[in-house]
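My structure is below; once you've seen it, I'll send some questions.
So that you can tell them apart, the chains are marked A, B, C and D in the order they are listed, and the count of residues begins at 1 in each.
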Amino acid sequence: MINKVVDGFAAALAGMKDGDTLLCGGFGAVGEAFALVEAVIELGVRDLTVVCNNAGSGVVGVAALIKAGKARKLICSYPRSSDPQVIDELYARRAIEIELVPQGTLSERMRAAGAGIGGFFTRAGADTKLADGKELREIDGKLYVFEKPLPGDFALIKAHRADRWGNLVYRKSARNFNPVMAMAGKTTVAQVDEIVELGALDPDAIVTPSIFVDRVVRTP
Amino acid sequence: MTPLTRKQMAWRAAQDLRDGQYVNLGIGMPTLVSDYLPPGREIVLHSENGILGMGGAPKQGEEDRDLINAGKGLATLLPGGSFFHHNDSFLMIRGGHIDVSIMGAYEVSATGDLANWATDGDTRAPGVGGAMDLAAGAKEVRVLMEHNGKDGSQRIRQACTLPLTGKGCVTRIYTNLAVLDVTRDGIVVREMIEGLDLDALQKVTEPKLVLANDWKRIGAPVLS
Amino acid sequence: MINKVVDGFAAALAGMKDGDTLLCGGFGAVGEAFALVEAVIELGVRDLTVVCNNAGSGVVGVAALIKAGKARKLICSYPRSSDPQVIDELYARRAIEIELVPQGTLSERMRAAGAGIGGFFTRAGADTKLADGKELREIDGKLYVFEKPLPGDFALIKAHRADRWGNLVYRKSARNFNPVMAMAGKTTVAQVDEIVELGALDPDAIVTPSIFVDRVVRTP
Amino acid sequence: MTPLTRKQMAWRAAQDLRDGQYVNLGIGMPTLVSDYLPPGREIVLHSENGILGMGGAPKQGEEDRDLINAGKGLATLLPGGSFFHHNDSFLMIRGGHIDVSIMGAYEVSATGDLANWATDGDTRAPGVGGAMDLAAGAKEVRVLMEHNGKDGSQRIRQACTLPLTGKGCVTRIYTNLAVLDVTRDGIVVREMIEGLDLDALQKVTEPKLVLANDWKRIGAPVLS
């Protein structure tokens, strides 16, 4: 019998190790798996690479993880969300490396990792210094930049409801990066508000099919 | 001569949006555009975080923490609206499905280059967000910005001095003084505020301006 | 007011011209816009390129269009679906050109067109003669083939329900290629079973957001 | 010595599927595997046309024309199943999310090359379907095929003679005579049918076979 629901965050994060890349869902403070991400701090792993659109708000979730010194590098598009106190402080003393990626490219690179795509050409940023050192190609008279897949060792995502197979649905704009990160994580862990009976989710309306999800943990 | 207020600038940009267009509003001043959409037109607002058909701020008591706009403020959804994930959201942007993107800017060049993500000497971590995707993918990019910097510096430039967001993408600029189009013939002045003439506008604008034959005054209402 | 619902197939297909590329949804006989595709025959346009996973079954829909001699070329993955009488006959006398594409690559090429991606590398087919003449690249020790976007002048798709903005939902496996073709069509026309009030579709469960749809026509 | 029937071959392939695996069954004989999934294991079947959790054929009166399998036959959905579009379906395939792909084949080489889409002298339009995506992307590719052609020709070859579907992708072959693994040391015989010995199997197999130390007899039940 398939039962991806695990009991507690230690089981949810089992196997995480130093140097891992974590894909952390959320846009601003919406759709972030705060409790799950904060549980990483307790594991004692370090030198993490954190992929997250923002750099966390205030001192919770991703911001707490970064503040705790667990991340060596941040890959993001906009580390200037509301209340970016943690990242500003770390960046000012160059205590963290930041790789800045256009938001659509960030998402597309993760999708490529999940989709078995070896790389792709995008126009976004091709004319800019974010393309420095990258392969450029003119296609149909327009300049494109080559971007590579961005896989994660773990995807730590937030969803609204799950069943024991790991099918997920989201609420409104809390969906954001979570489905694409689910595709790109070697191990995908979903923190959810509610666990429902198998068959209770409408099969036509499931957003993340179970195949992308390895573990489900309930928000405490 | 009274420059337009931020609200009047947003009002002016809103008047050009047509019924049925899909429009992305950047964070900051462009967000105000949603307050002045002309009545009778259905304009579908796209928010990069996975929303089409976004409405304005919620009434008190109807706030939903899971429904925010790109600026992270609380938002609402209109009937006909939909939610989707980030990858589909940027597929829409990059794939040319957004009719109009309205963004703020630090600088726009005479050839429509856009610089709106990095300034000199900023010590904070740089942020680019979705600006480069919008610059590359929206059918039309329009800029909403003060004509000059607070120190009087030029913001419509012969060539941008700040790091680019995209090349040759801006088609129209709304400032507190004028409405200008970026064309093959240079920057064309379409509208100016009451009391301003081309000479005065040229003095605060680096590239050579061309006055449109059918130029007119901006008739912005008083907005509080 | 936005109202993408048009009255009749002539209005639904307005603007189609000789030489156009048509993306036709469906897998086998499921999820194909039979009536809409057959209406193309009446337009008198010719030299069409038809993109369709199969080549139609029996003598309806895409098969009827091909049989009527309107298509110069077929881009497909499997022109051997149940009852491929039409394509077999035309192919035997070399009356139609066939470009064979691995099924996932067919879908991904259309997505690239809809997503502003200039091209991508896939492993599928890289080791095979379907990669002849194409750019190959070794990435992380594995061989990939470069594939280009495949846009359509028209996408002719089938959905279950629509509203006047053009939001779409599908039924079960009738979804198949339709959502990705909707993304890749310059003009996307959806034939639907039912048109519902604006706001009647659950915004969390809409599969094809309205932005991808230009016209909606009801199944007669 | 009685070769396995098609049903017995499908049964044998089914026994290796583990609880919780995501499995894609190709059209033709592999489809039969779904009839013999071991009880007590939840095995999630993926169908390329956008289904996870596919069940068997519907009972009379419960048919739904919008619910078909990859072979275009009517199907059902299990609780926990989901529908998605073709692009996500092949993202699953190419992206390494499918644990096991079971396909038919014309030929498999000693190094695991697969040829299963084009034959010589076929006058019909060629079809490849999703075979190349599966060969490239599934975590494991297993082949289910008759050990020899109807004319006695070799199908497990030193090198494939027919156009390839993928290189070095096949890990296990189920035939009507044996279960064979493709390894770095060559083709290893894991199981043989009752009454067959290595010499007899080698006679109908081109590459040099290696007999596993722990090889055994295939104990397939009689299936009607």
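Remarks
Methods note: a contact is a pair of C-beta atoms (placed from the backbone, for glycine too) under 8 Å apart; a residue touches a chain by one contact, two chains touch by 3 or more.
Just so it is clear, the model here is predicted, and its values are computed rather than measured.
In terms of C-beta pairs in contact, the better-connected of the chain pairs A-B and B-C is A-B. Measuring from the averaged C-alpha position of chain A to that of chain C gives a distance of 32 Å.
Chain centres here are Cα means. That of chain A falls 29 Å from that of chain B.
Between chain B and chain D, the centres computed from C-alpha atoms are 56 Å apart.
Centres computed as Cα averages put chain B at a distance of 35 Å from chain C. Among the residues of chain C, those in touch with two or more other chains are 108, 111, 115-117, 122-124, 170-172, 175, 203-204, 207. Across the assembly, chain D contributes residues 77, 83-84, 91, 93-94, 136-137 that each touch 2 or more other chains.
Applying the touch definition to every pair of chains gives A-B, A-C, A-D, B-C, C-D.
Listing the residues of chain D that touch chain C in their complex gives 47-51, 64-68, 72, 75, 77, 83-87, 89-91, 93-94, 123-133, 135-137, 163-167.
Residues 27-31, 53, 55, 77-82, 84, 87-88, 91-92, 98, 100-105, 107-108, 110-111, 122-130, 170-180, 207 of chain A are the ones that touch chain B when the two sit in their complex. Those residues of chain D that touch chain A in the complex are listed here as 19-20, 22, 42, 44, 46, 52-53, 77, 79-84, 88, 91-98, 136-137.
The part of chain A that touches chain D in the complex is made up of residues 1-2, 111, 113-117, 163-165, 167, 183, 198-199, 201, 203-204, 206, 209-212. Chain C meets chain A in the complex at residues 108, 112, 115-124, 137, 139-140, 142, 144, 169-172, 175, 202-205, 207.
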